[in-house]
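Which chain is which? They are A, B, C, D, E, F, G and H, in the order written, and residues in each are numbered from 1.
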Amino acid sequence: MDVKTLLEEVANGDLDTQTAYEKLKKLPFENMEYACLDHHRKIRTGFPEVVFCQGKVPEQTANIFERLYDMNGLVLGTRASKEHFDSVLKVLPDAKYCEISKCITVGSPEKTSGKIAICTGGTTDIPVAQEAAITAQMCGSNVTKMYDVGVAGLHRLMSRLDELQDANAIIACAGMEGALASVVAGLVRVPVIAVPTSIGYGANFGGVSALLAMLNSCSAGISVVNIDNGFGAGYIAAQINSLGGQI
Amino acid sequence: MDVKTLLEEVANGDLDTQTAYEKLKKLPFENMEYACLDHHRKIRTGFPEVVFCQGKVPEQTANIFERLYDMNGLVLGTRASKEHFDSVLKVLPDAKYCEISKCITVGSPEKTSGKIAICTGGTTDIPVAQEAAITAQMCGSNVTKMYDVGVAGLHRLMSRLDELQDANAIIACAGMEGALASVVAGLVRVPVIAVPTSIGYGANFGGVSALLAMLNSCSAGISVVNIDNGFGAGYIAAQINSLGGQI
Amino acid sequence: MDVKTLLEEVANGDLDTQTAYEKLKKLPFENMEYACLDHHRKIRTGFPEVVFCQGKVPEQTANIFERLYDMNGLVLGTRASKEHFDSVLKVLPDAKYCEISKCITVGSPEKTSGKIAICTGGTTDIPVAQEAAITAQMCGSNVTKMYDVGVAGLHRLMSRLDELQDANAIIACAGMEGALASVVAGLVRVPVIAVPTSIGYGANFGGVSALLAMLNSCSAGISVVNIDNGFGAGYIAAQINSLGGQI
Amino acid sequence: MDVKTLLEEVANGDLDTQTAYEKLKKLPFENMEYACLDHHRKIRTGFPEVVFCQGKVPEQTANIFERLYDMNGLVLGTRASKEHFDSVLKVLPDAKYCEISKCITVGSPEKTSGKIAICTGGTTDIPVAQEAAITAQMCGSNVTKMYDVGVAGLHRLMSRLDELQDANAIIACAGMEGALASVVAGLVRVPVIAVPTSIGYGANFGGVSALLAMLNSCSAGISVVNIDNGFGAGYIAAQINSLGGQI
Amino acid sequence: MDVKTLLEEVANGDLDTQTAYEKLKKLPFENMEYACLDHHRKIRTGFPEVVFCQGKVPEQTANIFERLYDMNGLVLGTRASKEHFDSVLKVLPDAKYCEISKCITVGSPEKTSGKIAICTGGTTDIPVAQEAAITAQMCGSNVTKMYDVGVAGLHRLMSRLDELQDANAIIACAGMEGALASVVAGLVRVPVIAVPTSIGYGANFGGVSALLAMLNSCSAGISVVNIDNGFGAGYIAAQINSLGGQI
Amino acid sequence: MDVKTLLEEVANGDLDTQTAYEKLKKLPFENMEYACLDHHRKIRTGFPEVVFCQGKVPEQTANIFERLYDMNGLVLGTRASKEHFDSVLKVLPDAKYCEISKCITVGSPEKTSGKIAICTGGTTDIPVAQEAAITAQMCGSNVTKMYDVGVAGLHRLMSRLDELQDANAIIACAGMEGALASVVAGLVRVPVIAVPTSIGYGANFGGVSALLAMLNSCSAGISVVNIDNGFGAGYIAAQINSLGGQI
Amino acid sequence: MDVKTLLEEVANGDLDTQTAYEKLKKLPFENMEYACLDHHRKIRTGFPEVVFCQGKVPEQTANIFERLYDMNGLVLGTRASKEHFDSVLKVLPDAKYCEISKCITVGSPEKTSGKIAICTGGTTDIPVAQEAAITAQMCGSNVTKMYDVGVAGLHRLMSRLDELQDANAIIACAGMEGALASVVAGLVRVPVIAVPTSIGYGANFGGVSALLAMLNSCSAGISVVNIDNGFGAGYIAAQINSLGGQI
Amino acid sequence: MDVKTLLEEVANGDLDTQTAYEKLKKLPFENMEYACLDHHRKIRTGFPEVVFCQGKVPEQTANIFERLYDMNGLVLGTRASKEHFDSVLKVLPDAKYCEISKCITVGSPEKTSGKIAICTGGTTDIPVAQEAAITAQMCGSNVTKMYDVGVAGLHRLMSRLDELQDANAIIACAGMEGALASVVAGLVRVPVIAVPTSIGYGANFGGVSALLAMLNSCSAGISVVNIDNGFGAGYIAAQINSLGGQI
């Protein structure tokens, strides 16, 4: 709805004030929606629509993908099963599936210039990291991956210090005691997005040990997302990266 | 220590290899320290040294402030008492104290161009927000404050939507159910740093209700710092803002 | 048992006092039962008997349904499987089954005049909301459904503000950070029954994040039922609605 | 702001469309605010403005009371100290203070016809119950108090069953194992608002034992507010009572 | 009220059935009260009335003591301060105060024949044990005390095995890891009432470590009361002891 | 080993002191074992050996049953599967299996004179209650069962008050809010063993809500066993009942 | 890389300082790696490389085993399935599998002189104990096993006191209330490594009851590893044992 | 009591077998006590008696110190106040007090040859570390202190790697995210005793964040003591160190 047109119609006498009033009564939220759309439009330069597939019927998921692809040319689906992917593939033959991160992607964003570094403590954290990586890439960011660089063997992380310090934002995925985030944040000057993973057993309580460790880091510059929330971390890192240029 | 000079001295015969070897044995960490210093040097363009005053003896605190001011010309002290400030004032007469946030500041940073928006759910969240604000300002960021704009009366937040959308990063401080972060993140396209505060009673468990709410937000683009950690949020927001230019 | 008749029999000499005493010894609870029956009778004008089917043997469940239908003409079964329904259908061919909410219903209540609004944060909260809706309808209330109106996109909720404000009671079902209840309660003047759902992952701890958020709401007028307890919310909302007329 | 007038001015040519557009840009929230005001106006018939005094400076509290009293003629302050009351008394000599519940009240609402029953498990729950009672009374409801009727001696509660069953809404305040709510809800047909109190020691964890018990009640018709939240319960009970007439 | 008399009056025509009906309407609970009184009468043979003094005004406490002493000749007050005792002493000059357990006692019960053994892990558990001891003694039980016999030095407990095996019931008070209950229950054939105490620090969480240990004992024959609930343990042990004779 | 014989052999010179010393070095624990055996002998008059079958291989379980039956003539197995039972049946054809409680029993104890009452809040608590009942019966106690007498309909419990008050010990099994224990303990003068069950959903946290409620009961005379621990409750109730005679 | 050689090359003019500087820039971590290697070399005298098999693809696991065996001649795999073992067996025909502890071992370490004692509370703790035993043995330690010596029957533990006191380190594995660690530590003078196991049900919360008990032990000399972490305990005990000689 | 003498008296006819039997009846525990004494004797070569002063009356504490000093010549008191020390000083003028760790020491142990390294993450962890240091020194160990070497600035720890690797056991004290333990254990080959401290705020929950992190470390070789339990860590480290010689 176009408010200016409406006002002009009122000014021209094409619309009586009572009818205009009724239309305007709903305006705030249509207006807000408009604001959101505008805002979304900006975001969409590189940010895909995202579908949380888990729990959705494969056929419906395929429909949603098709509609979003028509509108945006760029769709990301997270926590998708092989069945979801098979359904999507029927309507969007260019769709791709990452078995590790369970992500479906359609289309390629324009890339921004800066880079995001994504590191993990161990190999079992990789699916979460990979979800972050694909999300960030679909949001237009370049990604450097440093997997299995946990603090039990510091030299693994140290040998890649240059790459770490070269990023606009860093994602640290770790389960167990989650110390990776603290160590990384002590070595760089950019924001570290910490992703606690549910990797571990016993008193890790499904990721709580890493979550608490990351929230209580002695290093400044760390903020935390939900346990196993690779998507969230990739999204925020891309938001940050899209603000910055190459260092 | 200058590694090149050492190597030149060895090359020139001014230093025997055994002595050089002994010196280099400690090198890794001095080297790393050097990297850190280099890295710190960059950070210091606008980022102050920070002193967590709580639990420190006032006189010692004053000494630390004096030394850091000499090195950096810019010092921030958080969780400082009036006694801390009185001691600091004796050695640094230009020091300032914010009674609300319990911050001591000395010196002024160069400002970067972008802005950070800091909003709170209620008036009781203001001390935490103010710690974030002063931290961000000492790190060179401009700050727009929107206090008491909680979701129980949405129009308070909505009436300042333009200012929100004008920031490079947003800090949302809220206690109780911490819903402010979710609502804000749904309205903007930049990262939201959520700060759960310990405001509330009963089943808020000293801020846990807000913390969990913020970690589980249905809005993308939110990362979380520790309960009442205004400093952490201000620091990260400034890191992000220093990456971005004016929108 | 009829106390008056007993007393008259004693007065008439048809019953000796010792026998009457023995009968009265059990009276308190029969009397209380009577009070309950009386009370139940009132409730039953529109309130069905409710069977929690989960864990019950299908055949037994069918028997219970049959007996309750004979007594009340109105039965509601919650958390019922298809097997439960198949068994009930054999004895009560008019029974209906809602696959989404897993509810079996037999009979139709008289409707009261007012309305209940039921809203959800997302689509995954719908089964819980649907259990609430069917419960409220079986208790005689009209229901307006507003599903998927979560706070990440406020305009969805705002565009239905009139309908919200037109209800005698509102049920807000949300998982994750559960902010929907707070936002809704800030916009209306009737009681909001908040239902935390177990939707989410990681630090939502099976619905605890939403539960705590709802208990700690900054908005007045919110009370909370157990996680995923759609039945409880529908029942209370109907109790409230039956007190009020159309606004 | 009056949208109709604006439209008429546009229709009359007294306002150009660009200026009108600018004015309308802010409309959503002013409009929403208007809606809220309208909504608030209705609420205010019997519902006071409420000030959470705890943590507020006494003088500021007095100012707030004065302003609200001018607007509404009815003010309620909760969790107020004697110091708060002394300050309020200077500007509003008719203010009253309840030492038990720590509530300040100014003015008297019009009463609605129905009644709310408030019961407590023990004598130590009375301050919370009293906050609920004063809140409900300031919202225009009549209140029947049944204190110290806990389940360890059921006859205390049973002897007042008539009064219980005569209410439009019931508030049950109890600490320790919080069983009062379940027993009460089993005896009545109106909504029970359960208030867990922090009364107890050891494994009551500051009210958590009662909170969990109330959320998990085997009786239908119970919803729960935060630990010690007498205000919340009184407010909701009054919302419910204002919907119903005398039974 | 005497139901038989009432019935006889109806039989005799001294009472009309309507009036009798009205009187009987309240009967259940008066009847129940009667039942309770009867039951209490039995209990009172050796079981005192108990006053939880904490939080009560000293003068009121004294009044309660006086009234209970008149009725029962035996009163126990727990968690009483010196101020409580001073007030009680004015009205009941024979009252006694135990500074360690904070108990006030008036009167002496008749003793039953059997014995209760009360043991503690350490010396800091003694106040809780002493509350249990005085409660049990006021309920007519003989008590054998074995304090500071914790499992870190098993010989302390073992050297008193005869006394342990000579009791009708055993109370085991322990903080920290609460292992005493398991070890004791493995050595005897009578019920062990376990009292977790809040003694300890860090991850004892105010007694939770001992509480959980006692609930999860590998020994059969242990039941548990609330943290620091010496009164409860003493009361139950006396209930058990009053059932048994000397072994 | 017979200490007296050893001493006599030393006295007679049949044993040298060094050899005797070596034998005595192990004595404490053999002695203790003897004490235990003696003690066990007493217990065994009516108390069966108990096998926790869960996790045991069926064949091994059968062997254990056979050996224990030979020694004691009385064996109880808890948490046994049908497979366990089938294996036991091959070696002990008189073994019986309770499908509800998953208990295997062989042999019949001598009965003591008193009675234990076992009540449950709902029908879903019955398996736990049945485990308690069979345990108590195998320990020689008579059991009165009152199932489905929860507090949501008090008259169900009240109508069986006489039977409740006729027991030497009462077991109260309840999930959800666990209020049954408090209500029962308020009506009787014997110990109540409370068994929290894991029945419920959402914020019952697998039985924690009932556990906390029972630990925090406002009624005296309640002690608590682990969640779903019917065996433990039956064992303790039988210990208590074996101390008492008929009331 | 050999730093001394480099320095000599610089001294000799065989290497220019710029090239040497570039080489030294990476030195810290290569150096650290070297330190680690050196350190690892020492450790490897008796300490195997360890593979956490759970979640690894069997074929990849076999490859890892093969490579590690080539390097070290000694490999330990924990939490391995039969499938893992079958794959390993194809490349390393001497591999052995322990079904109880799910460990794969290849090769035999040189044995150190001292001994480790490993005790468990019950038979269900044995898999965890066995993982500890195999780990310790693969690290070169001799192991004495005392299984099923829980505190419910102290004589079982006491009869093996000599063996306990003969060890350089003791591992105590127990679930439920975890009291074994406290009792053992009270009897010996060497470090006790406590392993809480997840054995139990209800309020054991997957091993938390034992974990808290062990952390809060009243006996000195106990340190704790994660729930069910037999590997960790065996590794530490071997570290300790390798320091000590035969007592 | 001397068993051999007793046996000789029996052999000699100086003691009749009945009297000897009576004496032996108590033997197990006296014997065990003897075993303990023997064991303690060994321990006492370097291990002091330890008094937990907190909560003890100063005069009594002084008496205990005096008696222990007479027996052992070596006493350690932890968590002692200045008042405790003043009382001890009156009877033992050579007593010393450490204000930081609140430890009282009397006497000096013989030193063993090896060393313990104690490191802390920050300066606020020093009191806990100091308690560990004094305990270890009183147990005869040499201690190397590395305070304030937290992972936010790794070079601080790395620059002291030689000293770390030179110890027989390492104590790592850290609050907040407790990552220090993981990093240290990754760099050494000896056992690391991790001490979580209660340093931090918000979601550190009084040390729980560090406790969980340390229990879940990705590095092998870490065991954990209770929060703030410096004594426990020092004691264990000394036990380990006394087993080892100089590396």
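The working rule: a residue touches a chain if its C-beta (ideal position, glycine included) is under 8 Å from a C-beta of that chain, and two chains touch if they have at least 3 such contacts.
Quick caveat: nothing in here was measured; it's all calculated off a predicted structure.
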item: Interface with more contacting C-beta pairs, comparing A-G to B-G; value: B-G
item: Distance-maximising chain from chain B - centres being C-alpha averages; value: F
item: Between chain E and chain B, distance of the C-alpha-averaged centres to the nearest whole Å; value: 56
item: Distance between chain centroids, defined by C-alpha means - chain B, chain D (Å); value: 39
item: Length of the line joining the C-alpha centres of chain B and chain F, rounded to whole Å; value: 60
item: Sites on chain C at which at least two other chains make contact; value: 28-29, 32, 36, 153-154, 158, 161, 187, 202-204, 208, 211, 215-216, 220, 226
item: All chain pairs that touch each other; value: A-B, A-C, A-D, A-G, A-H, B-C, B-D, B-G, B-H, C-D, C-E, C-F, D-E, D-F, E-F, E-G, E-H, F-G, F-H, G-H
item: List of chain G residues in touch with chain E within their complex; value: 121-122, 150-154, 175-179, 182-183, 185-187, 200, 202-205, 208-210, 212-220
item: In the complex with chain D, residue positions of chain A that touch it; value: 3-4, 7-8, 10-11, 13, 16-17, 20-21, 24-25, 27-29, 31-32
item: Footprint of chain B on chain D - complex, ascending; value: 26, 28-30, 32-33, 36, 55, 196, 198, 206-208, 211, 226-229
item: In the complex, chain F residues that touch chain E; value: 32, 35-36, 39-40, 42-43, 47, 50, 158, 161, 165, 168, 187-191, 193, 211, 215-216, 220-226, 231-233, 235-236, 239-240, 243-245
item: Chain F-facing residues of chain G, complex; value: 124, 153-155, 158-159, 161, 201-204
